[in-house]
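Okay, so here's the structure we're looking at.
Per-chain numbering from 1; labels A, B and C assigned in written order.
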Amino acid sequence: MDVWQQFIILLEGVPLTLSISIFSFLIGIVVGLPLAFIRVYEKEISFVVDAYEKIFRGVPEIVLLLLFFFGLRPFFPFPFGNAFFVACFVLGLRSAANQSQIYRGAIRGVGDEQMIAGMSVGFSKWRAIWYIMIPQVFNFSTSGLGSEYALLIKDSAYVYVIGLAEVMTRSLQLAKSGPGDYVTPFVLGAAIYIALTFPFAFWLDKWGNKRKKKIGL
Amino acid sequence: MADFVMEARNVYKTYSIKKIKKGDAACNVPVKHQVEAVKNVSLQIRKGDIKLIFGPSGSGKSTFLRCMAMLDIPDKGEIYLGDECLTAPGADLNKARARIGFVFQHIYLFRHLTALGNVELALRQVLKLPKEEARKRALDALNEVKVSDCINKYPAQMSGGQAQRVGIARAIARNPDIILLDEPTSALDPELTGEVIDTLRDLAKEGTTMLIVSHEMPFAREVAEEMIFYDEGKVVETGPPSLFFNAPNTDRAKQFMTRIINRTTRE
Amino acid sequence: MLEFLFNPMHQGWIVQGLFLTVEITLFGVLLGLGLGTLLAIGDIYGKKPVKAAIAVYVEIFRGSPLFVQLFLAVYTVPTILNLQIDHAILAFLVFGLNSAGYQKGYVKGAMETILDDQMQAGLSTGMSKIQTLRYVILPQAYRIVIPSWTNEFCSLTKSTATLGYLGFMDLVGAGLAIKGSNYEILPVWIVIGAIYFVWITGFAKIMDVIYEKKRIPGVELAMQS
């Protein structure tokens, strides 16, 4: 098989790599934002968020993937029988733990005055968060989110262990099926990952700086 | 034996900074901007001399002092320490700096070391003194500037005046040939200024060779053999204190002296 | 359900696995610190080509998954060099090189916050640039870097979980081996996960204590990560 053919086979894994990363990223936003606000503004229950973050900081993604896929599949074939679901579920919740920390920094960046100003015009706490804080929080988290996204692209390679045919899995299959050429598939695979991670983080950081300038920061 | 402890001959230093010209957002053109901080400055210091440089803010006094210690490399001109030309290629600058004490405008103590550690470090690493001797000399130096009570404090735990005196102890502990002091009191309030000035007065009495940038006029009058008025990167006028306090020759110096004396008397 | 925990052979695998995981992470993270420091210094003081080379290095190691880097090293380096190299050594090198890519950023960031004034102060006392780096800049930078370094330790430990899939007997490798013996698999992964959790969280806690102890009075954490 020539290099070009191998490259095509690997490229066919890109949509899967990207969709796992993007879905996980979105789950991370939806779960991570409330976690961050609970941590900052609901002091009584913030220990729950703390424990949540610690668990995902302390248990490897691979173990979680194995646990939810092979461990829970016998008991709950739906939804844990679906490898794609498990991939997004695990990586998404892990990302939520990271994103919660990123947003927490951003909330500090936006500042308490904004929150107080929001409540002074009659919003309840959570309505002030929704209308005043959340729109601004993203301006302060672009560089963190950029690296989080790159991290997800790279971590999506772990789903090899539950058998999804994304870029990493395909590299390995090519390496094992080929006539002993291990170098090409992995070098091509690495190059694809670098190409996927590089521009996005860069672009997001630029966008963030532009936004900040626009609102005079 | 050279005549001078230290000498600067026709020293020049220019900084070029890239500035973003602020105008309409469409044309944010970076403009090369030149600051001539030192223009053809010469100076000689003999053993035991105390010379004082003064002049407006931003005129390049700090830059000139940094050039003397080769903490900034001059663009042109020569710096001599005794017979040795520091601006010559291949000069051993570290060895030279070990013979020059430097006190910074903004103090610059090593933040992770106590007062004692700050003074000891160079004695151990540069002079390679054995532990006990380095400690003894460091303690002597700290004693001399009267901060023995904070030897175990970290910079952030000292008052500005104490910190600056530790800075002076760090500079004198090596028994340098000369001490360069860059506005040692400008970051301090009047009371703390007094403490530091007292320390400098003691050093002056012992015959320490010093080049000081300062605007403490009563102190200048008392200890300086020569005052140097510095403006826009140049030495404008030089003379004994009596000259400046009575009738400076240049209008620029006259203006500046009037302003500064008014300010001091008002305080 | 937890029968495997009482089987001496399986106990042995788990202990062996934990040992390998701990060993390889600690070595990797220390190699990363040393190399990362050199890269940071090179990036600050180096000439253009040096800086460019460092940028490429960092992009390669940070831009691609560690999983891929590991496979690449273990499968290809021995064939290319035509040498029999212990896979554990290769893995250790990959972790160190990879970690250096991240740690360079932390160390450089910390150095930049202290470099301006402290370098001048060091030079003014007659110390050389290298002496000042050694005795003034790095001791401060390393203290500032501890929290980021702890995070790096956590994520590096987690990525060593890939080793089991390269045939190593690390914790995941132990889990995979036990799985072969027909147990219910859920408890095995729960136990393995718990061991990781205790080790990582415990170590992070110790580092937090060290950070508080070593903290320079009055110097605030410069980089909130």
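Worth pointing out:
Following the convention adopted for this analysis, a contact is a pair of C-beta atoms (placed from the backbone, for glycine too) under 8 Å apart; a residue touches a chain by one contact, two chains touch by 3 or more.
The structure displayed is predicted, hence computed values, not measured ones.
A comparison of C-alpha centroids places C closest to the centre of the full protein. Of all chains, the one whose mean C-alpha position sits at the greatest distance from that of chain A is B. If you average the CA atoms of chain A and of chain C, the two centres end up 21 Å from each other. Work out the mean CA point of chain B and of chain C, and you get 44 Å between them. One inter-chain figure worth recording: chain A and chain B are separated by 53 Å, centre to centre, where each centre is the mean of the chain's CA atoms. For chain C in complex with chain A, the residues that touch the partner chain are 59-60, 62-69, 71-72, 75-76, 79-80, 151, 154, 157-162, 164-165, 172, 175, 179, 185-186, 188-190, 192-193, 196-198, 200-201, 204, 224. If you check the complex, the residues on chain C that touch chain B are 114, 117-118, 120-128, 131, 135-136, 139-140, 143, 216-219. On the side of chain A, the complex with chain C involves touching residues 54-55, 57-64, 66-67, 70-72, 74-75, 105, 150, 154-155, 157-158, 160-161, 168, 171-172, 175, 180, 182-183, 186-187, 189-191, 193-194, 197-198. Within the complex, the chain B residues that touch chain C are 66, 69, 71, 94-95, 97-102, 104, 106, 108-112, 121-122, 125-126, 154-157, 170-171, 174.
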